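Chain lettering (A, B, C, D and E) follows the sequence in which the chains are written, and residue indices restart at 1 in each chain.
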Amino acid sequence: MQLATVTGTVTATTKHAGFEGLKLLLTNVIDSDEQVLQSAVVAVDTCGAGVGDMVLIVNGSAARIAAPTSGVATDAAIVAIIDRVEVATST
Amino acid sequence: MQLATVTGTVTATTKHAGFEGLKLLLTNVIDSDEQVLQSAVVAVDTCGAGVGDMVLIVNGSAARIAAPTSGVATDAAIVAIIDRVEVATST
Amino acid sequence: MQLATVTGTVTATTKHAGFEGLKLLLTNVIDSDEQVLQSAVVAVDTCGAGVGDMVLIVNGSAARIAAPTSGVATDAAIVAIIDRVEVATST
Amino acid sequence: MQLATVTGTVTATTKHAGFEGLKLLLTNVIDSDEQVLQSAVVAVDTCGAGVGDMVLIVNGSAARIAAPTSGVATDAAIVAIIDRVEVATST
Amino acid sequence: MQLATVTGTVTATTKHAGFEGLKLLLTNVIDSDEQVLQSAVVAVDTCGAGVGDMVLIVNGSAARIAAPTSGVATDAAIVAIIDRVEVATST
């Protein structure tokens, strides 16, 4: 799983039927210092997340366990809104 | 999921039977500023997408949920044609 | 699978129900010289691991075989606490 | 899916039983200008491909849909021999 | 699939039950010139491989088809010991 910041929204009229009613959020994967590791990951929201939230993202088939409907053809989902990241060592 | 631009088409006569009748599109994965993040991703179209469209791509087993036929041996599919990407913060 | 060092913890109140009661650990993927190869991977602990431990991480659907509950929407899990890495050749 | 060029062959006597009788090809993942994006991907051939062919490669569980036998422990397969890549825009 | 060289071993007392009795090998993913492409991949051995062998590695769910026991929470396995890589063109 990866830490990410929600940076925007994606709108699509023509889409696979399973996406109807779901919110597609644009995110940047970040590290614990909020440095961007990967940009422009689009994830289905399952937590009521919004722009500016730090969230937890899952990829692959895990995204379909978290999604509100199981038949959604997604490979990324937001599964948690993060309250706090505590780093004990900087390694 | 990833934002992508459709840049071309791929034609193959000799192919796994499941691909018969499907459209194979060449795409570039992009960020919200349309900078190319990954080039030459070939995806099965499920939305009637064409060259120049900005689309949403899924990878892995998700691609077979979206595909018109479920037995297709693909690991990438276009699941939406994007109308609008709204970026609220530049992070 | 990948070697990793546990560097911290992640706390989330709003999350997919399957994560209740599970410990989310922040890790850095490392090589055998403890050089960081990938930072900020969040994994579900299944071994009683803690900060400072060198652990073995699995990604993808493997993470749900290891997890205490099979319905957890995770794509990363700690499946072992490493005692010793023996490198015979430096290649 | 990815474009690739077949560059060689891989031979193994000691192998998982499922690979008996299958052809293992060495490939380089390329873009539409035939620049190498990733080298040394080994894929099971399902199309009668040979050295020098431009092919379409799938990764992950998709590779086992395409493989002649479904119990093969592979994560990469050649699913098509490409006739033509048409690039409409250079993006 | 990827070419790899076995460089060492990994020992863990505390581990997911499925790993009992399995050999965990440290490997470097290489190309056909034995240049290292990715270091520190830990894979379950299914072929009797040892340090110094050139092997074939699979990732993801394929690793659980090859593993001696199907309930192992691994995402990487050694599925063949390579005798010979023949490169016909240097691309």
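Operating definition for what follows: a contact is a pair of C-beta atoms (placed from the backbone, for glycine too) under 8 Å apart; a residue touches a chain by one contact, two chains touch by 3 or more.
Note that the structure is predicted; figures quoted are calculated from it, not measured.
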item: Common touching chains of chain E and chain C; value: none
item: Distance in touch steps, counted as few as possible, from chain C out to chain D; value: 2
item: Rigid-body rotation angle, chain E and chain A, from Cα fit (steps of 5°); value: 145
item: Distance from chain C to chain B - Cα centre to Cα centre, in angstrom; value: 31
item: Rounded Å distance between chain B and chain D, as computed from the means of their C-alpha atoms; value: 19
item: Sequence positions of chain B contacting 2 or more other chains; value: 30, 60-61, 63
item: Chain contact topology (line, ring, star, complete or other); value: ring
item: Cyclic chain order - from chain C, heading first toward chain E; value: C, E, D, B, A
item: Chain E - residues contacting chain C, complex; value: 5, 7-16, 18-19, 24, 26, 28, 36, 39-43, 51-52, 60-61, 63-64, 71-76
item: Residues on chain B engaged by chain A in the complex (per definition of touch); value: 1-3, 29-32, 37, 46-48, 56, 58-63, 65-66, 77, 79-91
